[in-house]
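Naming follows writing order (A, B, C and D), and every chain is counted from residue 1.
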Amino acid sequence: MTELIPPLPAGARTGAYTLTLSCPDRPGIVHAVSASLVAAEGNITESAQYGSPETGSFFMRVEFTSPRSYEQVHSELSAVAGGFSMSWQLHRAGQRVRTLIMASKSGHCLNDLLFQQRAGTLPVEIPAIVSNHRDLEPLAEFYGVPFHHIPVTPETKQQAEDRLRALMAELDIELVVLARYMQILSNELCADLSGRAINIHHSFLPSFKGARPYHQAHARGVKLIGATAHYVTSDLDEGPIIEQEVIRVDHARSAAQLAALGSDVEGRALSKAVQWHAEHRVLLDGMRTIVFN
Amino acid sequence: MTELIPPLPAGARTGAYTLTLSCPDRPGIVHAVSASLVAAEGNITESAQYGSPETGSFFMRVEFTSPRSYEQVHSELSAVAGGFSMSWQLHRAGQRVRTLIMASKSGHCLNDLLFQQRAGTLPVEIPAIVSNHRDLEPLAEFYGVPFHHIPVTPETKQQAEDRLRALMAELDIELVVLARYMQILSNELCADLSGRAINIHHSFLPSFKGARPYHQAHARGVKLIGATAHYVTSDLDEGPIIEQEVIRVDHARSAAQLAALGSDVEGRALSKAVQWHAEHRVLLDGMRTIVFN
Amino acid sequence: MTELIPPLPAGARTGAYTLTLSCPDRPGIVHAVSASLVAAEGNITESAQYGSPETGSFFMRVEFTSPRSYEQVHSELSAVAGGFSMSWQLHRAGQRVRTLIMASKSGHCLNDLLFQQRAGTLPVEIPAIVSNHRDLEPLAEFYGVPFHHIPVTPETKQQAEDRLRALMAELDIELVVLARYMQILSNELCADLSGRAINIHHSFLPSFKGARPYHQAHARGVKLIGATAHYVTSDLDEGPIIEQEVIRVDHARSAAQLAALGSDVEGRALSKAVQWHAEHRVLLDGMRTIVFN
Amino acid sequence: MTELIPPLPAGARTGAYTLTLSCPDRPGIVHAVSASLVAAEGNITESAQYGSPETGSFFMRVEFTSPRSYEQVHSELSAVAGGFSMSWQLHRAGQRVRTLIMASKSGHCLNDLLFQQRAGTLPVEIPAIVSNHRDLEPLAEFYGVPFHHIPVTPETKQQAEDRLRALMAELDIELVVLARYMQILSNELCADLSGRAINIHHSFLPSFKGARPYHQAHARGVKLIGATAHYVTSDLDEGPIIEQEVIRVDHARSAAQLAALGSDVEGRALSKAVQWHAEHRVLLDGMRTIVFN
């Protein structure tokens, strides 16, 4: 396929960085970090901080520009990070998060992600799509993304996950997105992907956990249906929530119509969650997320 | 208190009626009903019908004007209702639903209902407020509504419900609204009030059933909180849902702040549910509601 | 491309019809129409009526099933329609509205429409896409829709519209959708397409009419941006509104980011408007629309 | 009236401060400010920064605690503020903004503000209500707020504004809220109140400026109506927007019903704008607002 939309200009944000950090809360963190940025000739363009009363952790995200190299900036920050027991990451602004998408037969979430990535509104690279079915292969081909058919049966599940892990290693994958992937990942894989895998659940969690949420919603007669994008954990449908969306429905909608209406909010919630993760706006605070947006 | 807002002009809708009905679905219902209306010289101003595939029931609501008296119109409709095994009600448009409100200490839902009733946007009459505490008595007095303090302890619960029933009988109450009333009604009372009592639950049901829903919501890290107005049943928090509202929240809100934000959506969901009930727009379809709005 | 999603089963709703009508309001309309339906052995599954106080018109939409043929049902209805000076249409439920989509370079609205049509949630057939540019040809090809490149310059505008009219005639087009088509249609074409052409305007009309609405919105500092789907009239941006959607934004979004966020609400508003039109839920009441949904 | 809801515990946030500042953007601002906070033994609990590309200004808001006195903290900040040409303000967290509310005959916005102030969710003190009519006097009395009846005619307008100014001076008023006050303030008063007066406009600005916006909205057939809270400027309906809210409506609503529905969103938008202003979350960036919330 030819380019629908021109790509981001290369190097458009050279010299722009995003820093995220969390550490035990105490006085002086912002001052120490800003001292490093001053030392790196940095200029802050957007920043937010938050101290969590529940966990006693402090969270910070800074977008800044600097004439210094990544290594130089990193070195300045390293000097202060140790003293505060920080978890921290420095990202180059222009660098897209390498993302593998998994799907099954439903294509609406995949279609949204691929279109937005192509349009330039989703700062990710997508070097692979993995599916346990072949239905979505044409869509992957249209967007020029390599499609990997990895079928899963109870007997081959371990082998399938081994192939997935090999693919992730080979392609240097940073983020896995489950875009209506209808297989449950093993506990080991969930643990290994902690904080690096986003799932879309087709209900307004914690309502209607488990199977067939739209049928549950219809039976219960709710007046709003929703979707939830969350980090994957081994405790199914219980991972930290990143984004939720709802849509109003009425009595005349069947369960099948709820599913059709819901596909729209699923795509939106997932796209936003992926965007914010890729912009390094989401930090983990125990079982909750801090979203600086 | 003097009148903040002028009352509805008396007789403004004389000769206007609202008919609601439900019956087993079969051909010819609309034709038979409209024949009665033609016989009563009726002119339809707004109408809606719905056939429920799940329960096989047909639902209809008609607003119409007619020069005939209530008794004459009623008589025309009686003639067809029997043949279709209809449940049906004919309401005079100007007649306000006699409503008793129950509350405890939190006044936000009560305040919303009283203000809107006074403003003329809620077509109910409120001849009594019942509470197990005295905190809201000044608010009741301000709006000129008799306040009945009926304390409840485990020992006096039966006696308290007897007083409530006596009050309802004396005042000819058609609707009971639980506006953050923090006592659980007995199964017998719930059964007797079936379809005539509306509760506001401070969560987006079925999420966070039971106690302290805002604390549950905070702990779970949801990104939207909500409120649910539903008919009361003996199965707590499981009654037919009439209306739900949500509001977006973020990580920085404490459970107490969620409760403050939520009070706004509670008031809105409850007011709408009461309005639609009072306008005869809500019909019961098993455990679900049909809302013609 | 292979089928992503199985098509609707042929004849799935054989014997299902949708009737829409409008006429001067007076008593007896519903009764006369329902008599015709009884005569046609019809069973109403969903219906709504509305009398407009402003224009004195009555509007009605009925979904019903009948064992009779289209011609037989049509004949029964014809017998009553004349007496009430009705504008009316009888549609077979299974019959998809033949829709021509026009676009320019932005593909998000086109992509949404094509995906949803393929997924079966949009009851239209799309026999042609017309564009004044070639950028979206690959997307059309992927969905197997013939793409017609009709360039437009001030000199060739009349000729381009002639080609469009010829194409519409040849393909028996019932609905034209302007999915971010960046050319203004001539007054004559607008008049000829009255009630049969839907445009998406990228603002919350009537705010920000005219060019570059997201730049206008950014300069004004609004906190919500929106999109408006409306019928095309020769009075630009003033046609009857079918659907509007908004999304919350904050001070940190640039005009370009507003445009990116807005593309999501544009697609949603347009898709809903097309769906409701195709389901025969939209009726014109002067410069306003009645939407029975 | 007795207390509906217990007041905030006195001194609950002793030692908590909020700093807001804006200045020309350049490197080192955050570092210099945080150095002052470190010098004042401050601990940051919530903070946000933003650099505006349009105006080249930098904006910062910091909530922090410190064992030092207000004067000591103020002195530390003064030392750095001059070097950056900052506009800045230091607020004690427990100190409520002294607010005068103006209204005319419609009480819904006033009722919302008074109820929320009493409930403790709106951090303002309300030492006076001013109205050109007596209709809302009972509501003011119920909440124990002195009510000042200042009639306005073309002849007495200057005299009325003089009384208002005298009252503001006497009561040390920091914020004026126009809660559906139906008189236009003079250009001089608008200028003097710049950034200190909030109005609620009953439309989704810039749509439907001027008189009778709900009638305009009805005539135009919009599908969403809204309300806009903005700072007052002499350029009517053009002041910087703080908050906007919308609500969905359909064809069946009359202009009067739109006004009733709209009163709900008016109250919400105004209450939020007042809350954010009182929490020092709103900063002016030319004709736009930065809202750190």
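To be clear about the criterion, contacts are C-beta pairs under 8 Å (C-beta built on N, C-alpha and C of every residue); 3 or more make two chains touch, one makes a residue touch a chain.
Fair warning: this is a prediction, and the values are worked out from it, not measured in the lab.
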Task: Interface numbering overlap (same over half, different under half) for subunit C and subunit D - done: same
Open item on the list: Please identify the chain with the largest separation between its CA centroid and the CA centroid of subunit A.
Closed with: B
TODO: Starting from the mean Cα coordinates of subunit B and subunit C, work out the distance between those two points in Å.
DONE: 36
- [ ] With chain centres taken as the means of their Cα atoms, state the distance from subunit A to subunit B in Å.
- [x] 42
Open item on the list: Touching at least two other chains at once: which residues of subunit C meet that condition?
Closed with: 46, 50, 252
Task: Residues of subunit A that touch subunit B when the two form their complex - done: 50, 52-53, 204-208, 219-224, 226, 240-244, 246, 250-252, 254, 285, 287-291
Open item on the list: Residue numbers of subunit A touching subunit C in their complex, please.
Closed with: 1-2, 4-5, 46, 107-108, 111, 115, 119-121, 135-136, 138-139, 142, 252, 260, 263-264, 268
- [ ] Enumerate the contact residues on subunit A facing subunit D in the complex.
- [x] 25-31, 34-35, 37-38, 41-51, 58, 248
